[in-house]
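Dropping the structures in below, format is C-alpha cells.
Both of the next two complexes hold subunit A, though its partner changes from subunit B to subunit C.
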Partner chain A sequence: MSLIQVMNLVKTYHGGGETVRAVDGVSLGIDIGEFVAITGTSGSGKSTLLTMLGGLNEPASGRISVDEIDIYRLSAEQRADFRKEYIGFVFQAFHLLPYLNVLENVMIPLAISRLSAAAKKEKAMLLLEKVGLHDKALRLPNELSGGEQERVAIARALVNDPPIILADEPTGNLDSATSGMVMELFSRLNKEGQTVVMVTHDEQNLSYATRQINLKDGRLSGGCQAAAV
Partner chain B sequence: MANFCTWCGTALEKEARFCTQCGKEISEHGSAESVRSAAFSDKRQKVLEGDKNSRDKNIIYIGLALFALLGFMLFLDSLPSMVNPVVERQPVISEPFDYPATPVRMRSAPVETRDGKIIFKLADLKKNKFLRFDYSSGTSTLPLLAYISEEGKVITAVSVCEPCNSTSFHIKGEQLVCNSCGTTWEVNSLNGVSGSCQKFPPDAVPSVVVGDEVHIDEQAVASWRRRI
Partner chain C sequence: MFFLLAGLLIAVSTVVLLMSMGQTMNEDIANKLDEYGANILIVPRSDELSLSYGGMAVSGVSFDVTPLRQDDVAKIREIKNRDNIKIISPKLLNVAEVEQTKVMVVGVHFKEEISLKKWWSIIGDVPEKEDEALIGVDVKRKLQLGLGQIVLINGTPFRVSGILNESGSQDDQLVFIDLERAQRLFNKGSEISLIEVAALCYDCPIEDIVAQTSDKLPGARVTAIQQTIKSKMKSIHQFERFSLGISVIILFVAILIVFTTMSASVNERKKEIGIFRAMGYRQSHIMQIILQEAFFLSTLAGLAGYFLGVSVSGYAGSWIGADQVNVHIDSTIMGLSLLISVVIGLGASFYPAIKAARLDPTVSLQSL
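And now, the complex of A and B:
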C-alpha cells in the first residue's frame, strides 16, 4: 500500500440550490519519495483535493489513508496530531507573521513542542540553512523578497519533520526566475527523500515533478504519465 | 490488494496484476511494511495513541498534586488532634456521657492541702461535674478547675485563660468556653475550636484518684508560670 492512499473520494459543495461535486470519485496512491504535481484548470478540484489530503477538509464520501491511518475516522484531536506529525503545508500566499522575524516564523510550529528553547532555535536555524536563508534569520518578512519569503514558509513547513509536504501553488506569486529557485529547493528536498504533493498550473514546474496527475471537473483525466526526470 | 491502480487511479479487477490503463505492475508497490520507515511508525503511534509522553507526564503531575493535597489534609487533620500529654494520662472515673447544650457552670468546692497534695472530694466532682477552687500558698493564690470530660476522665487545670486573664469558664455541649473572651476548646482534649485564645487552654495539671479523693501534686501547681 502506498504512503497516501485515496479511495473513491467525493467532495460536494452546496450553494444557490445547486450541488457541485468539486472532487468526484478520485482514487490514487502516492508512494514515499514521490514528487507529484496535481494540475488542472481553476475549479477542477485540485486545491480541494490537496486540503483533503492534508486532513483539513472532510470528504462527503470515500477514504484517505496515510501510512495506513484512515485520517477521517480519527477524532478531531487525533487529526490535529496527524497534521502535526505528517503534513507540512506551503501556501501561495506565504502566511508569514509580519511582526515576527524569520527565525521566529520558522519556530512557530514548535511552539507546542517539548523541545528546549535552544533546541528549537537550533532546529529552525538548520532548516534556514537548508533553504539558504540562515544569514537572514533575524530579518522581518517584509525585508525579504517573495522567493525568500516562500523559502521561509518551506522551512517552517519542514520544522516538524513531516513525511509529506503539501504545497498549493507555491510559485503562484513569484516571477519565473524566483519560481525556478523555489522549485529547485523542492526538487532537492524530494531527492533527499521528502514526499511532495504540489498543486500547480505552472507548466514550468512540471519538469521538477516525478509524476503529474491531471484533474478535470473533479476527476482524474489521463494523468498517469511520469514526467521526464 | 487495492482494487485500483495506485499509480494512475484506474479502477481494476480485484485480482489484477497490471493496470489496464498504464501498464504498471500492481504488486510492485509492495506491502505497507516495506514502505513504512521507522520514523513514520513513531509518528503513527503519536497520532493513534496520542502523545503518550505528555499524557504520562500529566498523570504524574496530577498524581503529585493529589499526593501533596493528601499530605496537606493529613497535616491539617493532625493539628487539632495533637494530644495533650497531661490530658491523655488522666484517670477515668465514669462512663462516657454527653454534656447538655445548656451551659454547665463552675461550682466552688472546698479544697485542702495535705502532705504536698492539693486534695478535693471525688464525690463533689461527680455531683457537680465542673468545680472551681483556689490553691493558696503563703504568698499567692492560684485558681484551679476540675471537670469530668465526656470520655469520663478527670481533667484538672489552672483556671486561667492566659491571653484574656479570665479565671472563669463554662461547659456547653462538648466545648469548654471562656466566660470572658468566648474562646472554645474541646472538653475531651483541650484542643482549640474557635476564638482568639485557642492556643492557650487552661493549662492542665496531672492528678490522681486516691480512694474518694482527687490529688494534685502541690509542686506542679506551685511551680506553674504563665505561658504568655
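And now, the complex of A and C:
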C-alpha cells in the first residue's frame, strides 16, 4: 500500500463563465521514501495537485489517502491536525516571517505543540544544525542569502518530523550553484528515509528525484517515469 | 497596529480625563462646601413655628413646642454619617431691648459661626469674652454705635468688639453675643432656637443625613437647604452627562478604529495566515493569535491611556478653575479603563479574527 494514494482526482475553477479543470482525473501512488518530481508547463496543474496532496485544496471529486486516511473526509480542523502530523511545506519564495529570527521561524510549527519551550528550542537548533545554519540562528531572514533562507524553510518544514515533504519550486528563486546545494540537501533527507514530493521546472533537479510525474492540462502525461538517481 | 494602539489610547485617556474632571469638580465642590454656608437647618418641630433667618422665615418663637437643647448638638455627632458633618452651629434667637430699640439678638458659638460664614467681613475683633458683642452694620447705623463702645442689652452692658461689614443679609440687622451668655441673659436655660449644620455631601445623599438627624432628634424639624449648592451641582451633573455622551461617542469611534485596523491587518497578513494554516495551525489557533494580539495591545493602550488621562486631568483641573486638583491613582478607574480598553479591543477584533480563521488556505497561499 502506497503512503499517498490519489484516485481519479479532479479540481475545477470557475471564472469568466468558464469552468477550467486544473486537475483532471489524476490517479497515482507514492511510496514511503520516494523522491517524486512533478513537472509540467505553467498552468498544467502541478502546484494545484501539490496543495491538494497537502490537504489545503479540496478536490471537486476524487480521493486522496495518506497513510490510509481519506484526508478530504476529515473536518477542516482535523485536516489541520493532519498537516501538522504528516506534511512539511517548502515554498518557492521561502516565506519566512521577516520580523522573526531564523530560530523563531523554524519554531513556528512547534508553537502549537505541547513541548516545553526548552525542548522546542533544542529541536529547532538540531534541525538548523542539520541544514548547516546553527551559527546563524539569531539572524533575521534578510541577513541571509537566498540559499540559506531556503535551508531555513526546509528546517521549518522538517521540525514536526513529518513523513512527507511537499516542495513547490524550491529552487525557483535560486541560482544554479545554490540550487544544487539545496537539491543535495533534499537528496540527503530522502536517503535518510524522508518522502519528498517536489514541483519543479528545472531539468537539473530531475536527476535528484527517484520518479518523475509529468502533468499536461491537468492530466498525467507520458506515464510515470522512474528516473535514475 | 499603531492606529489600533493610538485609537484606544486616545479613547481611554479621554474617558479617564472626563471622568477625572467630573470627580475633580465634585471634590472641589466638597472642598468649597463650607463657603456656601449651612446646608441643613434644624428647628423645633411645630406647624406654627415660622422663623426668619438667613433668608429663611424665622419669627415668633412658639410656646407649644419642645425646644431644642444644648444636648441635641451632641446627638447630631452620633449619626452614622457623622464624618460628613463639618460644622454644627447652634443659635438662640431672642428679641431684646438695645438702647431703647427692639433688636434681634443671636447667641452663637463664634468659632463655629465664623467657620460657617466665610463671607463675613468684620471691622474690629470677633468677640472672645462673654460681655462682648458683634453688631450688624444696620444696627451700628441705627443706634450710632462704634467699636469699643458699651451697649446695654436688656440692661446688661456689652462691649462692641466688632462690626460686621454690610453683607446684604439679615445679619446686618442682628446683634451677636456668646450663646451661653445669651441663654442666661434671656433665662432660656440650655434652650436653643435652631441649629445650622454644614455637611460635606457631594458623594452622599444629603437626604440620608437629614433622615439620620431626624431619627436622633424626633422633636425637631430637619430641613436640607439645598439651593446653596444645587445650581452648581446641577452644572456638574450636566457636565457629567455631557462627558458620558462624549465618552460613548469616543468609545464608538474607538470600536470602529480597532475593527478597521484589525480587518486591514488580517488582509495584510493573509500570507502569514496561509503559512500558519499550511503548517497545521487550526482555525482556533489563528483566532487565538489575533485575539491575543488585540488583548496585549488593548491592555497596553488601557494602561497608557489611564496614565495619560490622569496626567492631563491635572492640568485640565487647573484650567477649569478648580482650586484643589488631586491627581491620584484610582484603582477603580484604572480597572475600568483596562476593562473598557480590553472589551473594545477584543470585541472589535472578534469578527476580523473569525474572518482570518476562516480564510481559505489556498486563497491565502495564492498571495504567496
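Odds and ends about this structure:
Methods note: the second predicted complex is superposed on the first by the 228 of 229 C-alpha atoms of A that agree within 3 Å, B and C clash if a C-alpha of one lies under 4 Å from a C-alpha of the other, contacts with A are read in each partner's own complex, and residues count from 1 in each chain.
Assume contacts are C-beta pairs under 8 Å (C-beta built on N, C-alpha and C of every residue); 3 or more make two chains touch, one makes a residue touch a chain.
Predicted, not measured: the structure shown is a model, and the values here were computed from it.
When both complexes are superposed on subunit A, subunit B and subunit C fit side by side without a clash. Contacts of A:F35 after superposition on the shared chain: neither subunit B nor subunit C is touched. Residue contacts after overlaying the shared chain place A:D67 against subunit B, while subunit C stays out of touching range.
In the superposition on chain A, contact of A:L56 is made with subunit C only, not with subunit B. When the shared chain is aligned, subunit C comes close enough to touch A:L97, but subunit B does not.
With both structures placed on the common chain, the touch criterion links A:D81 to subunit B and to subunit C. Of the two partner chains placed around the shared chain by superposition, neither subunit B nor subunit C is touched by A:Y208. A simple residue count on subunit A separates subunit B from subunit C, and the partner touching more is B.
Of the two partner chains placed by the overlay, only subunit B lies in contact with A:M7; subunit C stays clear of it.
With both structures placed on the common chain, the touch criterion links A:V26 to subunit B but leaves subunit C unconnected. Taken over all C-alpha pairs, subunit B and subunit C come no nearer than 9 Å in the superposed arrangement.
Shared interface residues of subunit A (contacting subunit B in one complex, subunit C in the other): 77, 81-82, 85.
For subunit C in complex with subunit A, the touching residues are 271-272, 275-285, 361-362, 365, 368. Per the touch definition, subunit A reaches subunit C in the complex via residues 51, 54, 56-57, 76-77, 80-85, 87, 89, 91-93, 95, 97, 108-109, 112, 156, 160. Partner subunit A is touched in their complex by these residues of subunit B: 2, 4-11, 19, 21-22, 24, 29, 31-32, 35-37, 39-40, 43-44, 46-48, 50-51, 53-54.
Residues 1-3, 5-7, 26-29, 31-32, 67-69, 74, 77-78, 81-82, 85-86, 114, 161, 163, 211, 213, 220, 223-225 of subunit A are the ones touching subunit B in the complex.
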